[in-house]
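Next, two complexes with subunit A in common: one pairs it with subunit B, the other with subunit C.
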Partner chain A sequence: MITSKKLLGGVCAAALAFAASTASADTANPDVAKVDITKTRSIAYTLTYLNWALQYTADAKECPNGFNDGPREQFKILFPEDGTKRTYIDTVLSREITGFYPDQFKEPFTLKQAVGPVAPGLNLDGKVDADDFISPAGEKGVDNQFYRGLGCIESYRGPDAYNNFYDTQEILEGTYNRMLFEITELDSLQNDPDVVVTMYRGTHPVLRDASGNTIGFKGIPGGTEKLDLRWGKKYVQRYKGKIENGVLITEPATYTFPWQTFGTPTDETIYQMRMRLDLNADYAEGLMGGYLDFASFHSKNMRSDSTHHQSYGRLPSALLYQTLQQIADGPVDPATGKRNSVSSALVSKWAQVYIIGRDNKTPVAEAPAAARSAAGER
Partner chain B sequence: MKFNVHRPLLGALLMGAALAGCSNEGGKTEQTAKAAPVPPAFELASSPPRHRLMSAEQYQNTISHIFGSDIAANAQFAPLQRTEGLLALGASTAGVPFGEMQKLQRAAALVAAQVVDDGNLDLGVPSHRDSLIPCKPADAALPDPACAKTFLGMTGRLLYRHPLPEARLTQMVDEAGKSATQLKDFYAGLASVIEGMLISPEVLMIHDRTEPDPERPGRRRLDGYSYAARLSFFLWNAAPDDRVLRAAESGELSTAKGRERIVDMMLASPRLEEGVRGFFDDMMAFDTFNNLAKDASAYPAETGAALTAAREQTLRTIYDHLIVKKGDYRDLFTTRSTFMSPELGPIYRVPTPKGWVKYDFPADSPRVGILTHVSFLASHAHPGRSSATRRGKALRELLLCQPVPLPPPNVDFSALNDPTSPFKTARDRVSFHLQNPVCAGCHKITDPMGLALENFDGAGQFRATEMGTAIDPSGALDGKSFKDVAGLADSVRNHPALPSCLVRRVLSYGTGSPVEREDRPLVDYLTGHFAEKGYRYTDLLREIVLSPAFYDVTERAPEQKSASAAN
Partner chain C sequence: MARFTKFGIALFAAVLAGAGPASAADDYVKVPVPNGFGVQATELEGPVFVNSRGRTLYTWPFARMRNGLTGDAKGKSNCGSKVLTETAGLASPWPPGLLLPDLDTRPACTDMWIPELASADARPVGAWTLITRADGNKQWAYNEQAVYTSNFDKEPGDVLGDRGGRFGGGGGSPAARRPIGPPPNVPPGFAVRNTATGILVTTGDGYSLYAFDRDTAAKATCTGACEDKWQPMIAPELARPQGDWTTVERSNGIKQWVFRGKPVYRHAEDSYKASLEGGDEAGWQNVYMQKAPPHPPGLTVQETNIGLTLADSRGHTIYRYNCGDDSYDQLRCDHPDTTQAFRIAICGAGSQEKCLKTWPMVPAPANAKSGSRAWSVVAIDPKTGKYAAPGQADAMHVWAFRGRPVYTYSGDKKPGDTEGDSFGEWIGNRNGFSAFFLRDDFMNNAS
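== the complex of A and B ==
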């Protein structure tokens, strides 16, 4: 069992069952020959699963006040059927405007935040602060304030949550979210003090097994990906990293990646993102932690989920945004003097692929100045 | 097949052959006299006339050639019984049961409807009737006997593989007219007759008709149309086209020179690919893939699409090596050149762009020759594990024409199947199994070469270990030992039975008759020539289809019987 076990161990039975079902094997078949990195000095992987790293238990102890209301419930509270005559503008459109411009209006509700000492994630700032979590494996100083915001929203509570389902479907069946990473200057998958990790976007869907399944969202290793160097040029990003005891650790840097849900393409940005993935010749699996630009997250929700979808998952998007502003712990943006990001972590799974159509002169995208500024980078 | 060389008649037949040579024109007679002695095994061979059921592929190819590749036939034929290593021989004893005829009729009706359809330009569907029917009726709602006769005569000749007798054609035109009157549609009338043609026994069955051989008094040969059909179904896996039928009509196929011209034309045709693929698909027993499935939990990458691609990969490799590159047949078993598709990439663990691309396995790759293709490895293995025995048996039977006896009914497989067995590798399990002397006899002729393929699991994926234990891929084949699969490939390539087995199979496939013990001199002769020509497949095809074994038949003419009786 790889990283998921180290990082998610200790969570409730439901979560454990999920972890077991999604990371049941180290490799597709230990006897079958793998990619020979001694010849290529590189290995690449394609994304097969991506969801926010949250702590959830079967009896929802982390949500002592229950789960949050969604747009429908909020609407009923704000506009009860009490005979009052109201206009469409003052009700429906007003709520829509609030959703799209959450900085302009104050929501008359309080978000029910997740509580408790345990949450999966990474120690992003190297400190152990009072509001930090302890990881399920016992690691202190875990920075994952985003979990406080999402933890009691039903549409994100795995393993079969509404958003998880559709996000995963987009990854497995679509190609818009086809994120790849390649490790180069690689000498060993076990220990290598100096490797280069390059993120790309590919063009081919995830391979499924002979039954049409994805083997716990892991897919089949050994597929081939062609790089999208036209529309995906902006996703080519390069990081320094190392491999220790089979775990890839990258240095923090801004990461912008495609995240389409419900057929609506959006980008997500995480500042100071670093990977901590268990590697083998077939799969990579683990956490990607960093400070999430919650404005990009909110924009994604409004554009792709819409009120219709948010209602199904009881996602109070504007309220969540305003709460994230309050609990934001990311770097201060010198331009605004505000914190625009919140510590977060993503659970990710990747299957080995071969990359073709590579161009050695492929330019690596540089994070936009605004993003660097927001991340406190120069 | 019994390519009959009737020994008591040998002298008389030799005399007949000499006389036939004498009857030629002067210059040619001299050439014949100076040529090397004609080997009796070659010159006197013949094969029995056959009545064979067309295969599904032959039916589809024929429809495509006559009406165009966009006409879908979707005809389903019952599986044939593999006989003497070939399904093609089972076609000689196959019939068409009622249930199958219903399916064929449905397919025929669909083909006929497509042939006469008017298309829909709004949908971008072209009119087939405008391109396939060379005339237009005066009124599309009424019969037009002249137009119907033109089209049905032309189409019937290609489907029946000979011109339709006038009375039969007239009958068909009348039937088309009656249907057109009832349905108020000229084209619907034609469709009803085409449907009838497509399920006619004369179309579905390939019947050999014979005639006296004027060049060999006392012997009989296939008539021109039957020779044309035998040639075409063999070389093109489809019915003869207009050019071949014209050669039959003109008598060109009845002369040696004419036969050579037509055969050379057919061997140069792109349609040869269908013939080559048809033969090797049969010889390699790739019909296994029609219902082959692997355990998805053991081999998750071995999808149905991957298995289909595996079959295609080997057929492409064979055609490319034998026809495009004109390579030595034996080198198929050592070549590292092949083709790759995305479905196969995860199994071979190589990057693959979309579509089929040429691919060369590296020189240090364990993949060497078609025996290391997924097609051979996966089709001769268990659903969830490899099988040295099945692979060794297939190698013997399919490629060396060496039958392996069936296992006794009470064989104890427990040592092989026990999931708690302490044995880690197939070699360990087989060794234990062979402690039973009843089993050892047969396994000794299959397992030593099958074990050399143990570096490939039941899906055909390479593995250096089995259950964590290093695999020993050494083996032996008929006295030649080797340390790995490359050694096996070399041993197979240089095995004397390899080319002679191909000759046997090609001869049987082409004539529809099994090669028997008495035919060994003929096979030896053809194998010798095959070797002299550098084991070039097209040379072998040419030699066989131009040989008397291909067009002479074993029936003896009544007058010869009289002559024998007089003696």
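== the complex of A and C ==
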């Protein structure tokens, strides 16, 4: 069996170095009172880190053609400083329109895609296809076509890239992105064939140490969370799962989650999302794989990040969107006959929390079968 | 103080009382104003300074933009009479030197922001001083900032010059003009903040004040364990009544501030400044200096994933369009009287016809009346997006806020969707749309 720990093991050199400086998920914190699951039959974890799972090396071998241009560079190519007097409408607004209406205006560029056989992720369809990757740990059949699109965009090449930094900062400092999950009907964190995982949005910030640090984006276990059951109702989502050898594995189902960076209430959706998380009493850590609705990803970038912020990390949003349309491998939307999602994976870190202030009104999420079928099954 | 005209202030307050809240006269500190100037109660901004014709006065403070500075430095006006034709490149990531749209009808800064000129014998009074414009004319300044009126304001009490609220003021957003007014009449340690639901009274560091239904001016009933959650705003021993503010004795020698007959508290569990969270508790209310006027009949309020938004009769989120050009003048382009080129680019990819489908304006029923000045019904030419000609047969009658039409977004499929929020240049602030949030528990409250 391939555990998520093995899958994570080779996500990237930089991430490994980073992780090595922090406590591992297996390291119990002796100062924190542990949840006694024999009494609670449940445990909860709050999100402390979330970023796309990419393969990147220090010398960027996966990007033999270099990194992609962003809005500024594209503008200079399209409108060179040759003395021509140009209008704001024909230049700036033309570029903004292409970003906001990417289905209507074809970009005159080609995206530099990541190449190579290795990428982190999960085998989503149970098959080993020609365009699948091999995970850094050697698992075949990894579905992560999103990596091809994102892998040569500086903005996502961690650990200090622009989007990696701000996306995680907002998770830590804000509450809009504050997702948490609770495992119930739980008998063992080591092996349990039948558990229920429910996603919620919380309202409390991540617990930090006395100097304000989050210890490698892991947070401090033992904090509290209050469930946002008013504004966050749409994020209450339930999944069936099991725990095998300390790894939480959930069944595929749609996951919609809040993800904003600059004060815009944007969401992203992943179809057939399944979790592979290493668990212990303090932390959960691992991959969340599924088919990303890339329109929701694009909308988040255009609205929450703006062209200005996309320029920081040379993110060519419209070109990326149009490329994802070409390499999409998600289910075919029966309404349009097109694929609107692409295989992807997220690296996630979670810290144990106690849910407080709940009452008997806490809703039970609908089983997400309807959403799953709406996205189409493979 | 010789030029201070108490009469002037009283006159405006009395004549214009019908335009604002009944208690407006106690809302602000009476400060000296130039002869003929006064204070006008307004629905959204509270008391503002007005000139002798009742026109709202504005300043344009220096703003730090993404790529430089614009606005007025203290003691100087940068709003000139020359028509600027090119962008300044202040709004990253785009370069300067690009030709602005509709140059044949483009106004100069002073066409839109009329300098409030002073007579030759005018003298400084209080915070009001005089600056000399480039053409030699004297212009009034308040706190050393040059003062203007807006070409958008047509009647006393209009505050239509800028979009208002949290938008604008630098960064990637347009450098905004702000209406100016007298200081709020609050004791030391308190402040006010303008939000979408009204002018909140807050602590000095911005946290909301609350009042309890069971309290009276003579008795504060929240004691004991109640105080763990609701912190009484303790008044100094020597505190004296001030305007609408009095005190009540909680226990021996301990005084609590009282505003308009209700002891005031801070909610310990508020998670952000200017919060409305405490008002969710039974019996507790946010404290306002004045509440925003009601929205028009037929519009609704919907829950979203961050709070409450104004919505149409179907429950679909209502949006406001924001636009300020990237010239050094930073002229507004979000009004039907201005160029529509920016709006049509963003809402319809260059097509007004597509705009009407993608971002339809919110229709107003026949003979609809808003009940406030902030909201109005305007006639729009569907072919241009500008105000329709009088009697134009195909004019669309739509709801407008601050004289600007409001919209819904075709990408929203159900009540509570806000897929159009921040759609456009610079998260919708430079040239784009923002949801009409009435409450926002996650970002910066709706303001």
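Rule of thumb we're sticking to: the second predicted complex is superposed on the first by the 337 of 378 C-alpha atoms of A that agree within 3 Å, B and C clash if a C-alpha of one lies under 4 Å from a C-alpha of the other, contacts with A are read in each partner's own complex, and residues count from 1 in each chain.
One rule holds for everything that comes next: a contact is a pair of C-beta atoms (placed from the backbone, for glycine too) under 8 Å apart; a residue touches a chain by one contact, two chains touch by 3 or more.
Remember, predicted model here, so these are calculated numbers, not experimental data.
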item: Partners on subunit A (subunit B, subunit C) - clash or fit; value: clash
item: Touching partner for A:Gln325 - first (subunit B), second (subunit C), both, neither; value: neither
item: Which of subunit B and subunit C A:Asp267 touches, first, second, both or neither; value: second
item: Most subunit A residues touched (candidates subunit B, subunit C); value: C
item: Contacts of A:Ile356 with subunit B and subunit C, given as first, second, both or neither; value: first
item: Touching partner for A:Leu207 - first (subunit B), second (subunit C), both, neither; value: first
item: Which of subunit B and subunit C A:Thr224 touches, first, second, both or neither; value: first
item: Partner chain in contact with A:Lys34 - subunit B first, subunit C second, else both or neither; value: first
item: Of subunit C, residues touching subunit A in the complex; value: 66, 87, 91-95, 98-101, 172, 271, 303-307, 326, 341-342, 345-346, 349-350, 416, 418-419, 421-428, 431, 435, 441-444
item: Of subunit A, residues touching subunit B in the complex; value: 28-35, 204, 207-211, 213, 215, 220-224, 226, 354-357
item: Partner subunit C, residues of subunit A touching it in the complex; value: 71-72, 75, 85-89, 91-93, 96-97, 100-101, 104-105, 174-176, 203, 230-232, 234-235, 258, 262-267, 299, 302-304, 306-308, 311
item: Residue ranges of subunit B in contact with subunit A within the complex; value: 294, 296, 298-304, 306, 342, 345-347, 349-353, 457, 461-468
